[in-house]
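Consider the two complexes below, in which chain A is the common component and chain B and chain C are the respective partners.
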Partner chain A sequence: MKIFVCVKHVPDSAATIRIIEPKEIGENITFLLNPYDENAVEAAVQLRSEIDDTEVIAVTVGKPAAADTLRSALAMGADRGIHVITEYWPDSIVTARALNAAITQDGDPGLILTGKAAIDSEGFQTQFRVAAMLDIPVATNVGAITLHDDGVEVTCGQEAGGELIIQMSLPCVIGAAKTLNTPRYPTLPDIIKARKKEIKEMKFESLGIGPQDSHMEIIGLRPAVEERRKQFIDGSAQEAVVELIRRLDEEAKIKLVS
Partner chain B sequence: MSNESQGGITMNKKYDAIIIGAGVIGSPIAYELAQMGYKTLTVDKLSDAGMGSTAASCAIVRAHYSTEDGVAMAYEGFKYWLDWENYLGNVKDEKGLAKFMNTGSILLKSQGHDWRKVKKNYDVVGVAYEEWSVEKIKAMVPVYDLHEFWPVRRPEDPEFFDESTRMLEGAIFCPEGGYVSDPELSAHNIMRAAEIRGSEFIFNVEVVAVRDNGERVTGVTLKDGTEYDASVVVNVAGPHSYKINQMAKGVWEGCNIKTKALRHEVMYCPSPEGYDYLNDGYHTSDGDVGIYYRPEVGNMFLIGSEDPECDPQEWVDPDEFYAGKGGPGRDNQLSDAQWKAQCYRCARRVSAMTIPNQPRGVADLYDCSDDWIPIYDKSDLPGFYMAIGSSGNQYKNAPVAGALMAEMIDKCEKGLDHDKDPLQFKLRHIGRTIDAGFFSRKREINYNSSFSVNG
Partner chain C sequence: MKKIAILIETRQGKIKPSMHGVITAAQGSGHELFALVFDSDGAKYTDELKTFGINKLVAITFRDPAVGSNPDSRARAIIQAMNHFETHTLFALTSLEGKDFLPRVAARLDAPLVIDCLRVNLADSTVEKPQFSGKTVATIHVSGTHRIFGIRPNAIEPKPMPVDTEVVPFEYDGPNDGRYEVKELRKSKVDGIDLSEADIIISGGRGMQNGENFQMLHECARVMGAAVGASRVAVDAGWVPHSMQVGQTGTTVCPKLYIACGISGSVQHFAGMKTSGTIVSINTDPHAAMMQQCDYGIVGDLFEIVPTLTRQLISVSQ
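After this line comes the complex of A and B, so read on.
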C-alpha cells in the first residue's frame, strides 16, 4: 500500500515575521515542517509498521527550499519524497491540483495523510480539495486511526470537546490533529540516512498547472499584533498559586495534568 | 527624581561609587565595595538584577583555561559557588538561592583543545582532576560515541557526515565543576546580599552620559535627566560596555583592547530516551566537535558553541539586537543553520539524541574583547573603572571578579598606580597571587588565548 503524506514548508511559529511590502514575508527566518504534518508523518510511519508492503511517500508543493521540509519528513521515516517546485505562491486550488497530479502520476494511493491545517495560511481547504479531485472521502482533526479490512475508522475532535467516530472506505484523506500521536524526532543517523533517500522533483508546468490556474490572489499582508497582557496576583504564595491555577483553567483554558 | 532641593539649589544625590550594570559581575562589585564601606548605587537598563546577558549564560563552572592565571581564577571561583550561602552572608532572597549543580566537568582530550597545557596549568594551580580513559568515559557516560570527528565542520559541508574510524584519547575530569542552576537568580542573590550592606540598586534606567570635571569622573546622567554624583564609576554594562566607554572622556580611545557585541546561540535538545542526563550527566567541553554541553531542566542537553573557525561571527549593535529581537535574553530567535550546526555536532557525540524539527534555545550577546580575555582595569579617566569583555567565559569568575575589582578600585583611589605597578591580587581561597595587570586594557593582544568562549 502507498501512504502519501502531504507536507508543507512553513515559517517557524517562534519566528518574527517581517512583511516586505506589498505582500511577501521576509524569508530570512527558520522554515520547518508544518507541525500538524509531523503528526501525519508519524501516523504514516506507524501504519507502515502494521501493514506489509507499505511505502510512505512525502509530497510537497513549494519553492526549492521546501526540499528541507521533505528531508525532515524522510528523517522521520518516510521512504521517499516528491517535490512539486514552484517559484510563486500557490493558492489552495492550485496546491490541491498539484498534489493531486503528483499523487495520481505516482499512482495507486492507499491512504493520504496530512496535517489538519498549515500554521501559516490556515486556509483549511487543501485536504478537502484533494479529496474532491480524487473523489474519495475525507475527515479532519483526527485524533485516532484504526485500519480495518474494509476501510478505516477515525475519531475526529469536535467543538466543545465532543468526538465524532467515522468509518471511511479506502483510499481516503485524513487530516491529523495534535492529539493523534507524539511525533518521533530523528537522530543524526536518521538524518544521514534521509540525505540518501530519493526526492523526485517535478515542475508545475510539467503537471499542466500554471499561475493562471490560481483563483485567489494575496493583495496585502498585515502583521498580527500579539498583545501580552500582564496580570498581577496578590496574596500569599499559596493563595497566588491557587488563583494562578484557577485563571489558567478557567480563563486560558489550559488543563494542568498532575 | 533623586535630585534633592536644598534652599532652592538642586543637589544631585551622591555616592562613593556608581556601578553601571546589575549583572552577575556588576552585582558582586557592589557587594564587595559595600563590605569595604563604600556607599554604592548600581543602575541597570532592565527591570531586575541579572536580566541581561547574564540570564542567557550557560553558567558553566569549569577550570580549564589556556593560561595559568585563568585556571587559578576559575578554580578560585569554584570555592565561592561551592559555599554560596556563606559567600552571601546567609542572606535571604525571596526568590530563593541559585544552586550550584556539581556534576563534575569533562574535558575531552581532542585536537580542539590544548588539553596538555590545561593539565599543566591544573598541576601548577593544584586543581583536583582525574584522567579518564575512553573505556572509563564510556562506563561513566554510556551515550557518548568516542570516535574522533576532528576537524570541526558545518553540516553544509558534505564531509561533516563522514563516518570516523579514529578514536579520542580520553578525558580530563574535574570533579568540582558543574553549572549554576539559574544565572539570573545568582545575580539577584548577590544584589540582596549587597543591599543588606547598604548598596542601592535602581532599574529601568539608562545611562546617557558619564560626567567628568576635566580631571576625573564625577557621575552619570540618566535618560530622564537625573544626575547621580560619584567619584568612582564602574562600567559593567555587558554587551553595551563599549557604548559606555565611549561616553567617558578618553576611555575608549585609551583602551588598546576594545570590546564589541557578538551574537551567540545556545540550543536545547532532548536527552536520548532512557538516559537521565539531568541527574547522571556531566558538563562536557568537546573541542573535537566545537561545542560544550551540560544538563538542563526537562532532561535536555544545553548545547553551546566553542566558536570554531568555520562558523560565521555576527557582530551586532546591542541596542538594535535587543530592540529588534522581541525581548532581551529570552524569546529571541535562533537561526536554522546554527541550530543544525550545534545540534548535529552534539549528535555526533550522542548519536541516540533526537533533534526536533523546531529549533529551541536562546540567542543573546557576548561582550567580547579583542583577545577574548576580559578587561578588569582602571581607565585613562581617573575614577572610571571597567569590568568588561567577559566574552561568554567569565560567569564562573564573577564573585572573584567582584573581589578583584573592589580591591583594585580601593587601592587605586588610595594612590596605587595600577598601570605602572599592577595590583597583585591574592585569591582568598586558594591563596595564589595573580597579577591583575594580565587583564589590562593597555595589554597587547594575548596570543595565548584560545580566542573563543574557552578564554
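After this line comes the complex of A and C, so read on.
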C-alpha cells in the first residue's frame, strides 16, 4: 500500500514574524515541518510496520526551500519525497490541486495523512479539498487510527473532550491531531540516511492545472497588536482582589457577579 | 437582495450565545438572512432569531434519521439547502464542529473558505483573520460563485436587528455515504461551559503545581460562570485533559475576560488567547511575558489570590 503524507514548510511558531509590506513575511527565519504534519508522518511510519509492502511518500507544495521539510519527513522514516515547486506560497485551493495532481500522477493512494492544520496560514481546509478532488472520505482532528480489513476506524476530537468514532473505507484522508502520537526525533544516522533518499521534483506548471474560479488572496498583512492596559495591582491579596473587581467593573465593563 | 445562509449551532436545545455575533456579521441593508437549523422543532428558536435579523428560519430534517447524525451528510444537506434557497454565502461559527463541517461544504462546492474570521466586509469580499500563531492579521480577498466564512466565537459584538421571522421546513432526502459512517458518539465527560464558548475563562499553568489544585480554579469558575482552561505545561504534565488546553495546539479562545493563573505566557499560549477582551494575570514573577502583556497584573501567590477572589465574589453576591 502507498501511504502519502502531505507536509508543509512553515515558520517556527516561536519565530518573530517580520512583515514586508504589503503582504509578505521575511523568510530569513527558522522554518520547519508543520507540527501536526509531524504527527501524520509518525502515524504513517507506524502504520507501515503493520502492513506488508507499504511505502510512505511525503509530498509538499512550496518554494524550493520546502525541500528541507521533506528531508525532515524522510529523516523521520518516510521512504521518498515529492516536491511540487512553486515560486510563491499558494492558497489552499491551489495547494490542494497540486497535491491531488502529484498524488494521482504517482498513483494508487491507499491512505493519505496530513496534519489537521498548518500553523502558518491556519486555513484548516486543504485536507478536505484533496479528499473532494479524489472523491474519497475524510476525517479531521484524529487522535487514534485503527486499521481493519474493511477500512479504518478513527477517533475525532469533539468539543469539550467529546469523541466521534468514524469508520471509513480506504482510500481516505486523515487529518492528524497532536494527541495522535508522539513524533520521533530523528537520530543523526537517520538524518544522514535521509540525504540519500529520493526527492522527485515537479514544477507546478508541469502539472497541467488550469485556472480556477475560486480564490483566496492575501491582500494585506499587519502585526496583531492588542493594546493592553499593563497595570499592576498592588497590596495584600484581599486589597488586590477588591481593586481588581472594581477596575474590571468600571474600566473594562465586566461584572464578575450579577 | 443578498441572500445569506447562517448555520445555527445549538447545544442542549439552545442556540449557542456566540451565534449572535455570527448573525451580526451577516447583517446588512438589503440582506435576506436564512438561519439553517438541524432541528425539526426549529420554531422554538424564532423568538431569539427574530431579534437578530433572521428573515427565514430553515428547519432542516432528514428523511432517514440515521443520516442526520453524520457530519458528512449534514454538509451535503447544507449544500442542498443553499442551492434550494439560492444562498451563495454561508456563515457559521469557528467551533470544532465548524472546522469539520465548513471545509466539507467548501470542498464540495470548490468555494473559497476563511475560518476564524475576526471581521467580514461583504461589500468588498474581504475578511480579516489571524495567521502565524496569532502574530499577524491577514486581510484576505475571496472570489468565487460561493463564499464561506467561519467566525471566531465572540470576535464580533452582537447587534440586535428586529425583524419578522418565517419558519420554513426543509427535508434532506439523500442517503449516507457508506464510505464514511459514524460508529459512536462519546459525549464530553466534562461538565460546565465549553472553552470556546465561554465569556470568562480562568486558566492554570505551571504555577498550579498539580492536578488537584485545579479544583480551586473550578470553584472560582463556578462563582463567575466561567470555564476552566490550562496551559500546555499543565496538560503535558498530565494534570488536566487536553480538552482544557488553550493555545496553538489546544483551543483558540476569545472570551471577554481571561484570567491566567501561574501561566508564564509562551508564544504558543498567546496564540490561543491573545484576542481576549481583557486579560488578567496572577503570577509570582512580574517579568513573566503574561504579566507584561496583560491588562491587570497581580504579583503574588495564586494559592492566596484565587481563593480570596472566590470568597470575595461569593460575599458580594450575597
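What we mean here is this: the second predicted complex is superposed on the first by the 219 of 258 C-alpha atoms of A that agree within 3 Å, B and C clash if a C-alpha of one lies under 4 Å from a C-alpha of the other, contacts with A are read in each partner's own complex, and residues count from 1 in each chain.
Note that contacts are C-beta pairs under 8 Å (C-beta built on N, C-alpha and C of every residue); 3 or more make two chains touch, one makes a residue touch a chain.
Owing to the predicted nature of the structure, the values given are computational and were not obtained by experimental measurement.
> For A:Pro186, select first, second, both or neither according to whether it touches chain B, chain C, the two together, or no partner.
It touches chain B, and chain C stays clear.
> Can A:Ala14 be said to touch chain B (first), chain C (second), both, or neither?
Both partners.
> Which chain makes contact with more of the residues of chain A, chain B or else chain C?
If we count touched residues of chain A for both partners, the winner is C.
> Looking at A:Ile29 after the superposition, I want to know if it touches chain B, chain C, both of them or none. Which is it: first, second, both, neither?
The answer is first: A:Ile29 touches chain B but not chain C.
> With the two structures laid over each other on chain A, which partner does A:Leu244 touch: chain B (first), chain C (second), both, or neither?
second
> Return first, second, both or neither, reflecting whether A:Cys156 touches chain B, chain C, both chains, or no partner chain.
Second partner only, chain C.
> Give me the intersection of chain A's contacts with chain B and its contacts with chain C, in residue numbers.
Residues 13-14, 16, 35 of chain A touch both chain B and chain C.
> Which residues of chain B touch chain A once you look at their complex with the stated criterion?
161, 270, 324-326, 331, 333-336, 339, 344, 347-348, 351-359
> Can you name the residues of chain A that touch chain C in the complex?
Its residues touching chain C are 11, 13-14, 16-17, 19, 23, 25, 35, 92-93, 96, 119-125, 127-129, 131-133, 136-141, 153, 156-169, 172, 178-179, 212-224, 226, 228-234, 237-238, 240-242, 244-245, 247-248, 252, 254, 256-258.
> Residues of chain A touching chain B in their complex?
12-16, 29-33, 35, 38, 72, 184-189, 191-192, 195
> Taking the touch rule as given, give the residues of chain C at its contact with chain A in the complex, in rising order.
Residues of chain C touching chain A: 71-72, 95-97, 99-100, 102-104, 106-108, 110-116, 126, 129-146, 177-190, 194-196, 200, 223-224, 241-244, 248-249, 256-257, 267-268, 271, 274-275, 277-280, 286, 291-301, 304-305, 308-309, 312-313, 316-317.
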